[in-house]
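Dropping the structures in below, format is structure tokens.
The following pair of complexes shares a single chain, chain A, combined with chain B in the former and chain C in the latter.
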Partner chain A sequence: MQKETMTSIERVECALNLEKPDRVPIWPDVTTSAAAALTDEKIWEITHQGFDAEQDLELKLFDEYGGWDAVNPALTADVFAVGGNKIIKATEESPEIQFVEGEWTKYEDYEIIAEIGWFQFVTDHLIYRVSDIKDKAEYDKLYGEVINGTLRGMAEYQKRGAFILYAQPNNHPFFTLSLARSMVKFTEDLFYRPEMVERALKKMTEEFIEFGLMLCEMANLKNTKVIEERAGGAIYPLRVFDRFWWPYTQQIVEAFHSRGIMSSFHLDTCWDKNLHYFKELPRKSAMIELDGTTNIFAAKDILRNHMCIASDIHPALMSLGKPEEVAAYCRKVIDEVGDDGGHILSTACGLPAAAKKENFIAMLETGKTYELSK
Partner chain B sequence: MLVNGFVELKRDEVLETVKGRVEQGDDALKILDDARHAMTVVGDKFQEGTLFLAEMMLSAEIFKEVVTILQPGMDKARPSESIGKIVLATPKGDIHDLGKDIFATLLIAQGFDVHNLGVDVDPSKVVDTVREVKPDFVGFSALITTAFASMKKTTDILISEDLRGSFKLMVGGGVTNSVLKDHVGADFQTIDAMEGVSYCLKTMKEKNQ
Partner chain C sequence: MKLLLIAGFLGSGKTTLLIQIAHHLVSASQSIAIVENEMGEIGVDGDYLNLEGLQVQELFGGCICCTLSTGLISTLEKVEELYHPDTVILEATGAARPGDILNNLNTYQSRVDGIQVITVVDANRYPMLKEMMEPLLTAQVEAADIVVINKIDQVEPEQVDLIKKETADLNKEAVIEAISAENKSSINIIADALQ
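Up next is the complex of A and B:
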């Protein structure tokens, strides 16, 4: 078997630049719940020990399993809570963070958001509807812990030579509003009374860019995360996508790209009908992470030599499949999605809490050895 | 009239029409049949690819409002006969219900008797309901993998209680695929609500032949 000739950072940069690395870069997209299960820890106990304990858990996983190339600091329940999401923390019976769908915002709130912006809306109003936080001081304290914990996690991974793919998860303004309003109500707003939604989206997009640039500058990162799980063709017709998602997305990507920052799109649900839009973005301005429902091979055909694609080992395969089946899928995406580079080996929507140890090892070993063995 | 209103999402027009027909003494069950027909057309257009999930979801919301308007009249009328019985649940450990509830509304619109047990449902509740309702279908929905064990446990109890042979088992939701279908021994798996409705309709048609 040939030897590795690149560092993790060189390998990931190579893939993002649409070139062929020595072997595929690996980014398991670890969740704290999976980290606990794979290290025989109890997530429901660790979650209540604070942010640092959750960061340490993911670092333990990294160290115990021999590490990998790309990482993101732990996405804890607190990280999502400070963003205004209604969260249920992991419990023994349900060891995963869960988002609670609900009408946490009213139609009238769009006007407030358009006026004062999303972040102030969260701290002035939303946080008290979705969490037990009692006042601004408590919110600021928690936010400080999230920022400091994230920076500490990044520093620890940098010591280990890993590429930091992004610092914080940033939900796309469209997804943010859908989560906060509930999908049914948000969709009614889009179809029946869209004007105020558009005003809110406009303001939130400006803030998204401003906040993301600040984070990238603070953490010295060249990548930012854009999470969108609902805007694609699996749910909305293209006329909705054209009006309420794509223009704001172009604005986001162009703003970051002009500062040399790549946008990494976490795209859940099937985006087969929307993939060709991404070809309109500047080459190497973005990458996409798919969740196993979008046809990744068709995505490669459309976006070949245009943007990097993170592959999509299915959660059911990681949780219930056999190691040889996981390895076979890894080889398939390495060969077909990564044949000319521009591919990162990853899991669909994050490493699932029920992933088997032997399947996780199969993913890591196949990624680390397959191309070098050929 | 109702068909266009449902397809084009003219909510106010549909509701005004229904209210008008009720006031004129039209049979509530006849109006319900018309609304169901409109939802069938919506479903067909979704399967053809001319309507999207969001549009089908909003049509289902209109349907729910129509049913609310018709309810007093239906209570007085003869009971409407269902075309099949379905028990739906998000298994223990998972609290997501968006997809399951869309599926439930579409099934109701097609005339199925739906027993929606909600989220985080204990296996014993599913078993008790199956024993009581004697459904044609049981459907499990999941968005996280920790629900897999609960699905399997529930299915195993249904087998040990000798109940599994009396219904078709369906699994659906973002994290499901054929691997999970085989693992729990389900008859059908989908991430597409309308595909699930079509499966139920086709199965009932075959059963009744």
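Up next is the complex of A and C:
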């Protein structure tokens, strides 16, 4: 078997630049729940010990399993809570973080959001509807813990030589409003009173860019994360996508790209009908992370030599499949999606809490050895 | 163990229908377990239903698309070991595509020996949903064995006829029934369609 000739950072940069590295870079997209399960810890106890404890759990996983190439700081329940999401922390019965969807915002709130912006809306109004936080001081304390913990987590990974894909995830403005209003209510708003929604989306997009740039500068990163679980063609027709998602997305990507920052899109549900839109973005301005429902091989055909694709080992395969099945799928995406580079080996939508140890090892081992053994 | 999967958008009346079906099956001497996976706060009063002799299991998944498949299969295994029900009724999230759930069940599990899908269509919201969320609405109807057009008391008869025709065009094999689930006798209309 040949030896590795690149560092983790060189390897990931190579893939993002659509070139072929010595072997595929690996990014398992670890969740705190999976980190706990794979290191025989109890997430339902650790999650109440604060951000650092959960970050340490992910670092423990990294060290115990021999490390990998690309990482992100821990995505704890508090990370999502400070963003204005109603969250149920992991329990023994349900070890994954749960987003609770509801009508946490009212129609009248669009006007407030358009006026003061999403972040101030969260701290002035929404956080008190979706959490037990009592006042601004308590919110600021939690927010500070998340930011400081994130920076510490990044520093720890940097010591280990890993490439940091992003500091913290940001929900796309469309997804943010859908989660906060509930999917059907939000869709009714788009149907019956779209102008007010658009005013809010416009303001939130400006803020999204401003906040993202600030975060990248603070963390000294050239990558940012955009999460979207709802806007794809499996849920909305293209006329909705064309009006309410794509223009704001173009604005976001172009703003980051002009500052040398790549946007990484976490795209859940099937995006087969939307893939060709991403060809309109500047080459190497974005990466897409698929969740196993989009046809990744068709995505490669469309976006070949245009943007990097993070593959998509399905949670069901990681949890219920056999190691040889995981290894076979890894080899398939390495051969077919990574044949000319532009591929990062990853899990679809994050590593599930129920992932089997032997399957996780199969993913890491195949990624580290397959191409070097050829 | 059979699985009855109830799909449909949040607010379409899935929970009301689920409870009626559960009681109907219990009255027919079947043992029932309920698995809840709605994205919003749980609509079923688990404590109440437990008192009624129905076992309720909450199935959470961090996101709508993928972790559900894993969680569902392990939940079904757990439910079978704990309760040995004749039928499990799963209330899926409003964003769920039943076809995706069925694919994963058929690939990875062996506990369920029969699956029926009921898709609940909200007659009142149908025009809006058809215009704005046609891909998801279509996927839910196409995967159904039974399409229940609910809340027909809130729309004109012509609207009900139109929905029946359009859903039949999407899924020619499905049994299509129009009801108002608030009317408890409606369960009799769909009981025959249940295996």
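The definition used in the following text is that the second predicted complex is superposed on the first by the 374 of 374 C-alpha atoms of A that agree within 3 Å, B and C clash if a C-alpha of one lies under 4 Å from a C-alpha of the other, contacts with A are read in each partner's own complex, and residues count from 1 in each chain.
Here is the rule we use: a residue touches a chain if its C-beta (ideal position, glycine included) is under 8 Å from a C-beta of that chain, and two chains touch if they have at least 3 such contacts.
Keep in mind it's a predicted model, so treat the numbers as computed, not measured.
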Assess the superposed three-chain arrangement around chain A: do chain B and chain C clash, or do they fit?
clash
Touch test for A:P237: chain B only (first), chain C only (second), both, or neither?
both
Quick one: classify A:V253 as touching chain B (first), chain C (second), both or neither.
neither
With the two structures laid over each other on chain A, which partner does A:I127 touch: chain B (first), chain C (second), both, or neither?
neither
Which of chain B and chain C A:P352 touches, first, second, both or neither:
both
Per the contact definition in the header, classify A:I88: touching chain B only (first), chain C only (second), both, or neither.
both
Using the superposition on chain A described above, determine whether A:P315 touches chain B (first), chain C (second), both, or neither.
both
First, second, both or neither for A:G102, with chain B first and chain C second
second
Touching partner for A:T187 - first (chain B), second (chain C), both, neither
both
After superposition on chain A, the chain A residues reached by both chain B and chain C are 33, 88, 93-94, 96, 98, 100-101, 183-184, 187-188, 190-192, 233-237, 240, 268-269, 291-293, 314-316, 318-321, 349, 352, 354
Chain C touches which residues of chain A in the complex?
31, 33, 88, 93-94, 96-102, 182-184, 187-188, 190-192, 229-230, 233-237, 240, 268-269, 273, 291-293, 314-316, 318-321, 348-350, 352, 354
Can you name the residues of chain A that touch chain B in the complex?
33, 88, 93-96, 98, 100-101, 183-184, 187-188, 190-192, 233-237, 240, 268-269, 291-293, 314-321, 349, 352-355
Per the touch rule, the chain C residues reaching chain A in their complex are 9-11, 39-41, 58, 60-67, 69-71, 73-74, 94-95, 97, 100, 104, 107-108, 125, 128-129, 131-136, 139
Sort out for me which residues of chain B touch chain A in the complex.
9, 11, 51-55, 57-58, 61, 92-98, 120, 144-146, 148-149, 174-177, 179-180, 183, 191
